[in-house]
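Both complexes shown next keep chain A, but they swap its partner, so chain B is in the first and chain C is in the second.
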Partner chain A sequence: MKTAGVIIVFLFGGLLVYGTLDFPDWGDPDAPASRHVSPRYIEKSLEETSVPNMVTAVLADFRGFDTLFETVVIFSAGLSCFFLLRTKRKAPEARFYRHLPTGIVLRIEKGGRLPEGSVEFERIDSIWVPHDLIIRATCRLLIPFIQLFALYVIAHGHHSPGGGFQGGVIFGAAFILYAVTHDLRDGLHRLGEKITIVLCSLGVFIYAGVGALCLFLESNFLDYAALAPVLGVDPVTARSHGILFVEIGVGIAVMAVMFAIYTNLSSVGKQDEGL
Partner chain B sequence: MIWQFDLIILSLVVICAVAAISVKDLLGAAILFGAYSFMMCLLWAVMGAVDVAFTEASVGAGVSTVLFVAAVFRTTRRTTD
Partner chain C sequence: MDLLVTFFLVCGLVIFTGGAVGILRFPDFYSRLHPAGKLDTMGLFMSMIAAALFTFKAFSLDAVLTGLKILLILVFVFITSPTATHAIVDAGVRANLMPWTKTEKRDAA
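Our next item is the complex of A and B:
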C-alpha cells in the first residue's frame, strides 16, 4: 500500500512538473498575462484608484469579489471550527489554585471552587502551568507594539505591502500571544467568545455592506466610485477610501477568526483550560 | 537575483518539506513546517512578490505554526504512522 502511494505521488508530481514546462518563462514579456492584463493595471491603477500599491488596488478593487469570498471562506473556517469543536463546559475533575505568596498549589475536588476575585489565590491549569514572570512581563510590553504594527499594516496597505489579511493575522497573533503567556481564561477575559463571534460576522458584514451600499447608490456591487457623493470626495479618492473600508472589514474578520480557532483548538472546545 | 542564494533557499525548502512529513515527532513536524513557510517567504521576497511574502510570513510561519502546536498539545506527540 505504501509503495503504491509513493508511486502515485511521484507519478502526479512528475505530471505537474511536466505541465509547468508549457508555462511561459518567469518574467517573459511575451507571456499572455504580461501582454494584456498586467500593462492595464500597471498603467491605470494609480490613475483610477489613487492607490500606489498595485497589489492592494487589484485585490480590493478590480478583483473585489475574489477578496469578498476569501473573507467568507475564512469566516466559514472559524464557524466550522466552532461547530466541530465547541462542547458544553462541564465542571472539571479538580481545580488547581496557586497561593501567590508561598507558591503552594491547592487541589480542590470536583464541585468545589475558591471565590473568583481572590487576591491571594490564582487559578492554574491542570496540565500545563505557565508561571514565568520574565515571559509575562516581556509579552505585556511587546503586545501593544504588535497591535500598533497590525493597525499600521492595515492602514498603510495602500502604500506598502500589507492590508487587511496580514494586519488581521498580526492583530489576532497578539491576542494569541497574550493567551499563551498568561492563560486561556485571561485571554478570553480580554476578548470573550461572544464578542469574537460578533466580530467575525461584523467584518464580513462591513465588506458586503460597502458593496451593497454601492448597489443602493445606483452603481455596480463593490464599485466604490459610487460612494463619492456620500464621502464628499471625487470618484478616484472614493475608490481609495472604499478599499480602506473593506480592508478594515477583512482585518476585523481575520483577527476574530484566528483567535476563535486558537481558543477552540487549544481548549478542546471547552474554552476553559488550554495552552 | 543571486543564483547561489536561490539554490540554498530552494534546497532548504525541499529538505524542510521532506523532513516535515517523515519525522515521527508531531511537534517537530509543526516546527519544520514553520521553517518551510519561512523559507518560502524568503523565496517570494527574492522574486519580488513582497505582499505574498508578507502573507506567508504572518499566516504560514506565524499563526498556522501556533495552531499546529495547539493541536499537538491536545494529542500525543508521537505518531505511529
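Our next item is the complex of A and C:
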C-alpha cells in the first residue's frame, strides 16, 4: 500500500512537472497572461485612477469584484471559526486570584468569586502566569506605534506597498499582542466579541456599500467614477478616493476577523482564559 | 565616508557571523539565547548605522528622512529584542528547563 502511494505521488508529480513544460517562459512578454489586459493596466492605470501604485489600482478598482469576494472569504473564515469553536461559557471549576502585594495565589472553588471592586486581587489564568512587568511595559510602549503604522499602511496603499489587507493584519496583530501580553480578558475588554463581529460585517458592508452606491448613482457596481458628484471631485480622483474607502472597509474586516479567530482559538471557544 | 560605511558593515557582518556560530555551538537553550540577543542588537546596530550613513551621503531632505527612518528601526529593535529574549527565557523557566552545567549531572532533570 505504501509503495502504491509513493508510485501514485511520483506519477502525478511527474505529470504536473510535465504539464509545466508547456507553460510560457518566466517573464515572457508573449505569454497569454500578459498580452491582453496587462499592457493596458500598465499604460493606463495612472491616468485613469491617479493611483501611482499599479497593484492597488488593479486590486481595488479594475478587479474590484475579486477583492470584494476575497473580503467575503475572510469574513466567512471568521464567522466559521466562531460557529465551529464558540461554546457556551460555563462557570469554571475554580478561579485563581493573585494577591498583588504578596504574590500569593488563591484558588477559589466553584461559584465563589471576589467582591466587586476589590483592588488588591487580580484574576489570573489557571495555567502558570509569570509576573511580566517588562513585557507589559514594552508592549504598552509599542502598541500605539504598531497601530499608527497599520493606519499608515492602509492610507498609503495608493503610493507604496500596502493596503487594506496588510494594514488590517497589522492592526489585528496589535490587538493580539495586547491580548498575549496582558490576558485574554483584558484584550476582550478592549475589543469585545460583539464589537468584533459587528466590525467584520461592517467592513464587508462598507465595501459592498460603496459598490451599491455607484449602482444608485446610475453606473456599474464598483465603478467609483460615479462617486465624483458626491465627493465633489473629477471622476479620476473619485476613483482614487473610492479605492481608499474600499481599503478602509477591507482593513476593518481583516482586523476584526484576525482578533476574532485569535480569541476563539486561544480560549478553545470559551472566551474565558487562554494564552 | 565610503570607508566608514564599509567599516561598519564589515563589523556588523563579523558580529552576525559570530552570533550565528554561537547559536549553533553553545551547549544549551539559555546560552544560545545569549548570542541570539547579541545579533539583533549589536549586529543590527552596526549594519543599520552603515545603511543610514550611506543614505546621508547624498545630503538632501529625502535622504535625511530615509536615514532617520532607518535609525528608527534601531530604536524599535533596541526596545523589542531584549524583551523578546526575556520572554523566551521566561518560557524556558516555565517549561522547567534546567541551565546546563559542566558536571552534566543535571541533564536528566
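One rule holds in what follows: the second predicted complex is superposed on the first by the 261 of 275 C-alpha atoms of A that agree within 3 Å, B and C clash if a C-alpha of one lies under 4 Å from a C-alpha of the other, contacts with A are read in each partner's own complex, and residues count from 1 in each chain.
Assume a contact is a pair of C-beta atoms (placed from the backbone, for glycine too) under 8 Å apart; a residue touches a chain by one contact, two chains touch by 3 or more.
Treat the numbers as computed from the prediction; the structure is a model and nothing was measured.
Once the two complexes are overlaid on the shared chain, A:S80 sits clear of chain B and of chain C alike. When the shared chain is aligned, chain B comes close enough to touch A:Y262, but chain C does not. Of the two partner chains, chain B is the only one that A:G163 touches; chain C does not reach it. Residue contacts after overlaying the shared chain place A:S126 against neither chain B nor chain C. When the two complexes are overlaid on their common chain A, residue A:N220 makes contact with neither chain B nor chain C. Counting residues of chain A touched by each partner, chain B versus chain C, the larger count belongs to B. After overlaying the two complexes on the shared chain, residue contacts for A:S118 are found with neither chain B nor chain C. Applying the stated contact rule after C-alpha superposition, one finds that A:L141 touches chain C and leaves chain B untouched.
Of the residues of chain A, those at positions 128 touch chain B in one of the two structures and chain C in the other. The part of chain B that touches chain A in the complex is made up of residues 47, 50-51, 53-55, 58-59, 62-63, 66-67, 69-71, 73-74. Chain A makes touch with chain C in their complex at residues 128, 130, 132, 134-135, 138, 141-142, 145.
The touching residues of chain C, counted against chain A in their complex, run 76, 79-80, 83, 86-87, 90, 93-94.
Contacts from chain A toward chain B in the complex involve residues 26, 53, 55-56, 128, 161-163, 165-166, 169-170, 172-173, 176, 180, 258, 261-262, 265-266, 268, 274-275.
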